[in-house]
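I've put the structures underneath this note.
Each of the next two complexes has chain A plus one other chain: chain B in the first, chain C in the second.
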Partner chain A sequence: MPSSDQPILEVKDLEVEFHTDSGVVQAVNRVSFDLYPGETLGIVGESGSGKSVTNLTMLGLTPQPPGKVVGGSVKYDGQELLSLSQKQWQNVRGKKIAMIFQDPMTALNPFLTVEEQLVEVTMLHMGLSRAEASKHAIELLQKVGIPGAEKRIGDYPHQFSGGMRQRVMIAMAISCQPDILIADEPTTALDVTIQAQILELMKTMQQEFGTAIIFITHDLGVVASICDRVMVMYAGRKVELSTTVNIFKHPRHPYTMGLLSSAPRWDQGEDELQAIDGQPPDLLNLPTGCSFNPRCQFVQDECLQQTPPLITLDEQPVHQHACIREIRYLKENR
Partner chain B sequence: MQVLTFLFKRFGWMIITVWIVFTVSFFLMRQIPGGPLNGERVLSEAVRARLEARYNLDAPISEQYFTHLWNTVRLDFGPSFKMQDFTVNEVLAQGFPVSAALGILGMVFAITIGMTSGVVSAVRRNSVYDYSFMLLATLGIAIPNFVLAAMLIVIFVFNLQMFPAAGWGDISQIILPAFCLGAPFAGYIARLTRTGMLEVLGNDYIRTAYAKGLSPRTVVLKHGLRGALLPVVSYLGPAIAGILTGSLVLERIFVIPGMGSHFIEAAIQRDYTLAMGALLTYTVLLFVMNTLVDLAYSIIDPRVKLE
Partner chain C sequence: MTTPLLQVRDLKVHFKPPQRGFGKPAAFIRAVDGVSFDVSAGQTLGLVGESGCGKSTTARAVLNLIDNAYREGTVHLDGIRIDQLTEGAMRAHRAKAQMVFQDPFASLNPRMTVGKIIREPMRNFGVHGSDSDQRLELIRLMELVGINPRYMNRYPHEFSGGQRQRIGIARALAANPKLIVCDEAVSALDVSIQAQVINLLMDLQQKLGVAYVFISHDLAVVRHIAHRVGVMYLGRIVELADSDDLYREARHPYTRALLSAAPVPDPDQSVSQNRVRLEGEVPSPDIEYAGCPFADRCPEQLPHCKSIPPQLSDEVHQVSCLLYEEY
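Moving on, here comes the complex of A and B:
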């Protein structure tokens, strides 16, 4: 739940394009959202929906070229990020906004010790001496639950297991107590039991430091257990945004509904899982009208002609969706 | 401890290798028509017999083999056939430091020029720097070093008069030959560094490093370079072998009194002892260098285990 009225991060009409050999791809299409201090916002969508690009843009890390931010604004604490110089970005990255990546096997440098990779952040941003930074790093490793931290700190990443490496990544990300932590599928590459531990750890860290977390995932189980609010993305657009409870109880967009019914549930017998029909969209040739129309079970003529506007429902908590049909009733009458 | 076992094993292999090289070249050299006593002057029978006795050439070939082998084990390569009053050990002791100086300087040129231009090319990919460095690298690889030597002599010795044409003993005399020696390797190393660096810069951990707020310089030099070094380091083994053979030619062009010229002379004039001495020196040198390369590899990449 938002613990303050002032958002720490305001993203408005963000547009990111990728210029590829076969044409221009609109990877992020006028996406807006706010992030409040201390909350966890989940961003859900399939591969290519633009969720990762959106978040890399918040760190100025969209690969350029081929990527290009063509419009919109990203404000951190009232300060515009998209116009920052390379030097200014360096003061934001790792210090104010930190990131945890999907695969801890490849996201840590195999040539440097864990200590080296931890101390370089705090020496840079907090101005610690080498000795202070080392001490700080050991404390962090203890905090994220690495046994024998004093000894293990001199080890190389390949000497740690996957779960332990992700703990190291988390320690690295929180080492300067950033205001925002972006976690890009941090549990996808891990065993289920380890996933739970990592989620638990992130929650604990959030409570201790009051960090706002953006949690990118396609795992709805993870969303339900950790996120306060959820944004659903499809083909570069925000198609639905509300509180987690609201999204799970009253999904308004057919894509969200599809996602929910395609997730396995223990309380719904042994019926076959319902998959969303069709293929993820080809971003180079998006269908006219609503991008989801070829796969939508409620499609009608209008959906093929006009791109559905984002509708903000007049209810509390805030619920936004981009579908012109009242599928809630359609579903009940089916 | 692990390192000691590794070095011990490598030493054992080196002894075996040296022995095989010794045996093969011993018999090969004697298979080639002509011998150390065939010269422009026809020797009388009596002189010939005395000389053969002095150099132990009249003994049966098996006896010659074992005597020579035993002397070699004691690191005594015997007298040179052609350079009178000199033992092979003395000739090598004079020539080796010269060749080593030339080779080391050539290697230093190759590594510094190659790696710098490789890193710059990778970081500024598809820029003017990239294209010009890679063009130069291709030229460096393609042009044989004796052609390059001739061109540089024309430019720097005759036109600009910056360096002396040949000789040994002064700093100004070593620069041109060392540069010619290093040029093709600089080209290779530049290409290898560029490819290695581009591959490394595409890794996830480089993105992590940027996400930490590190400057591009730190990211490239601290997080990128080590990975990009690996292909270069594994190339250094063959490169050192190439530097050795390259210096044979260049020592002749620039009239440098190194081992290379002695080696060629010895082979042509059937100076069995000197040729063997030079050959075994090269063998040991190559072996030591390759061992050092493997050691360096394990120091750079902590995941590599020495076997």
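Moving on, here comes the complex of A and C:
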């Protein structure tokens, strides 16, 4: 739940390009959103929607080249992040904004013990001595539910199972009590029972520290169970943003509707899934007008000509969307 | 009752791990430990379970695709016992059972055109003899899976993940199989594309009467596609029932835990009321259990669970749990 009116993170008109051999790809196209302390914002989208690039940019980790931030601003607690030097970034990354990656095996250093990796963070950011940092590290491992933390702390990442490794990642991410935690598909590689444990752990940590979480995933079930608000992205753009209940119960963008009706549910047995026709967008070759128009079942002439603007109506809770047809419908029915 | 298309009885596959240094030899990994099921013609059996439960090994063992392992049990395909056949003798039966793999990037040869890829099984198994017949069949198959036949001379990298999976399905169909084993066939696809491929598979079953063994970790996908579903844990089937029965009235405590851990895309349902929480993780498969392998993690453990092995019951809704047995 948003516990404060002041956003901790303000992203405005963010634009990121990738320069490839076959042309320029607009990976993130004028994306804006706010993140409030203590809330969980879900970012949903399929491959190539720009969700991961958006979040790498917020940590100053866009691979440059080929990537390039060409416009917009990202403000953390009022401070512009995009103009930071590499050195200044080090005071933000890990300390104020931390990240959990999908694959803990590649995100952890295989040559260092878990202890060495955990103490490095706190010694650097919090100025702890080695002994203090070790003690702190053991407490963290206990907190994230690793049995026998005192013994396991000397182990190497490969000695842990996938779920346990993700717990180590979470311990590392929360070690400096960051204000913002960015989780990029943190449970996608895990089995469902382990996923449930990790989601629960993240919720508990959030309640304890008041951390704001950005949760990137393609799994709508996970979104429904953990997020307060949801932003839907398609082909580099934000196409819809509102509360989780609004997005799932009253979706306005045809892409969001399609996504919801194509997700199978184990608690319902209807026979045919309503798939979205067509192929995922080719970012090098986007259609003119709305990027979703080749796959949209409600497509109209206008959609082929102009890119729909993002519309924010005067309503509570805020429900933004970018669809020309829907806005006309809403105006007529109000 | 008619004989099922595929009949598997007491299948066991135990791998010997590589010897590390000296010392006592490592224990066998009991990847599949006594699995029995039937698949009727034109039906879909789903196998679900978490990583390491043996669902993929089961599928491969059924198709005789496992070497260097200790095997036990029988497999009958279309009335013929195939588990003891040599590689050469098995060849005659390979056309009947084909496979679709998880990774549409790794499972298509990048140096062959799509037309060549789909025609390869026709050549291998001598179906549709003449060149012109094969060409006609290629066009028919491409249309059937929704790929424009004009693209037959393109290479796999020119297609998206979903299209590539359609090509993999066309290749499996080219041999005219009665059974297709799909190993996580839609797991790597985006939701919107995944739904297209699931619908395609169901549509093909209606048109061609092909049976599937559909392996997935995704409970929701399996509910959609399967007529019968088997839930696996540590190399065994703990529950096997008609899809609707299994999801509505799961009986095994593991199935119930698995279902309550699987999130539903509905904010009203996300806070599950009677949620079964499972502690710990799946233990290593190299232990031989006297009783039920799930007993240690089971929220409903009975005093005898660790000593008396549960038997898979004989009803339509089969469950392997002492809660439902008289012992």
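Following the convention adopted for this analysis, the second predicted complex is superposed on the first by the 323 of 334 C-alpha atoms of A that agree within 3 Å, B and C clash if a C-alpha of one lies under 4 Å from a C-alpha of the other, contacts with A are read in each partner's own complex, and residues count from 1 in each chain.
Please note the rule applied: a contact is a pair of C-beta atoms (placed from the backbone, for glycine too) under 8 Å apart; a residue touches a chain by one contact, two chains touch by 3 or more.
Just so it is clear, the model here is predicted, and its values are computed rather than measured.
When both complexes are overlaid on chain A, chain B and chain C end up sitting side by side without clashing. In the superposed model, A:Q64 makes contact with neither chain B nor chain C.
Using the contact criterion defined above for the overlaid structures, shared-chain residue A:V222 touches chain C, although it does not reach chain B. Within the superposed three-chain model, A:M99 lies in touch with chain B and out of touch with chain C [touch as defined at top].
Once the two complexes are overlaid on the shared chain, A:M172 sits against chain B while remaining clear of chain C.
Set side by side, chain B and chain C differ in how many residues of chain A they touch, and the one touching more is C.
Judged by the touch definition given at the top, the superposed model places A:G258 against chain C, while chain B stays out of reach.
By the touch criterion defined above, A:Q79 reaches neither chain B nor chain C.
Of the two partner chains placed by superposition, A:Q6 touches none, neither chain B nor chain C. Of the two partner chains placed by superposition, only chain B is touched by A:H125; chain C is not.
The overlay of the two complexes leaves chain B and chain C separated by a minimum Cα distance of 5 Å.
When both complexes are aligned on chain A by C-alpha atoms, no chain A residue touches chain B in the first and chain C in the second. Residues of chain A that touch chain B in their complex: 59, 61, 86, 89-95, 98-99, 101, 103, 106-112, 120-121, 124-125, 156, 158, 169, 172.
Listing the residues of chain A that touch chain C in their complex gives 46-47, 161-164, 191-197, 199, 218-226, 244-245, 248-249, 258-260, 262-267, 269, 271-277, 279-280, 295. Chain contact summary for the complex, chain B toward chain A: residues 203-205, 207-216, 218, 222-223, 226-227, 300-303.
Of all the residues in chain C, the ones that touch chain A in their complex are 50-51, 160-163, 190-196, 198-199, 202, 217-224, 243-244, 247, 257-267, 269-271, 277-278, 281-282.
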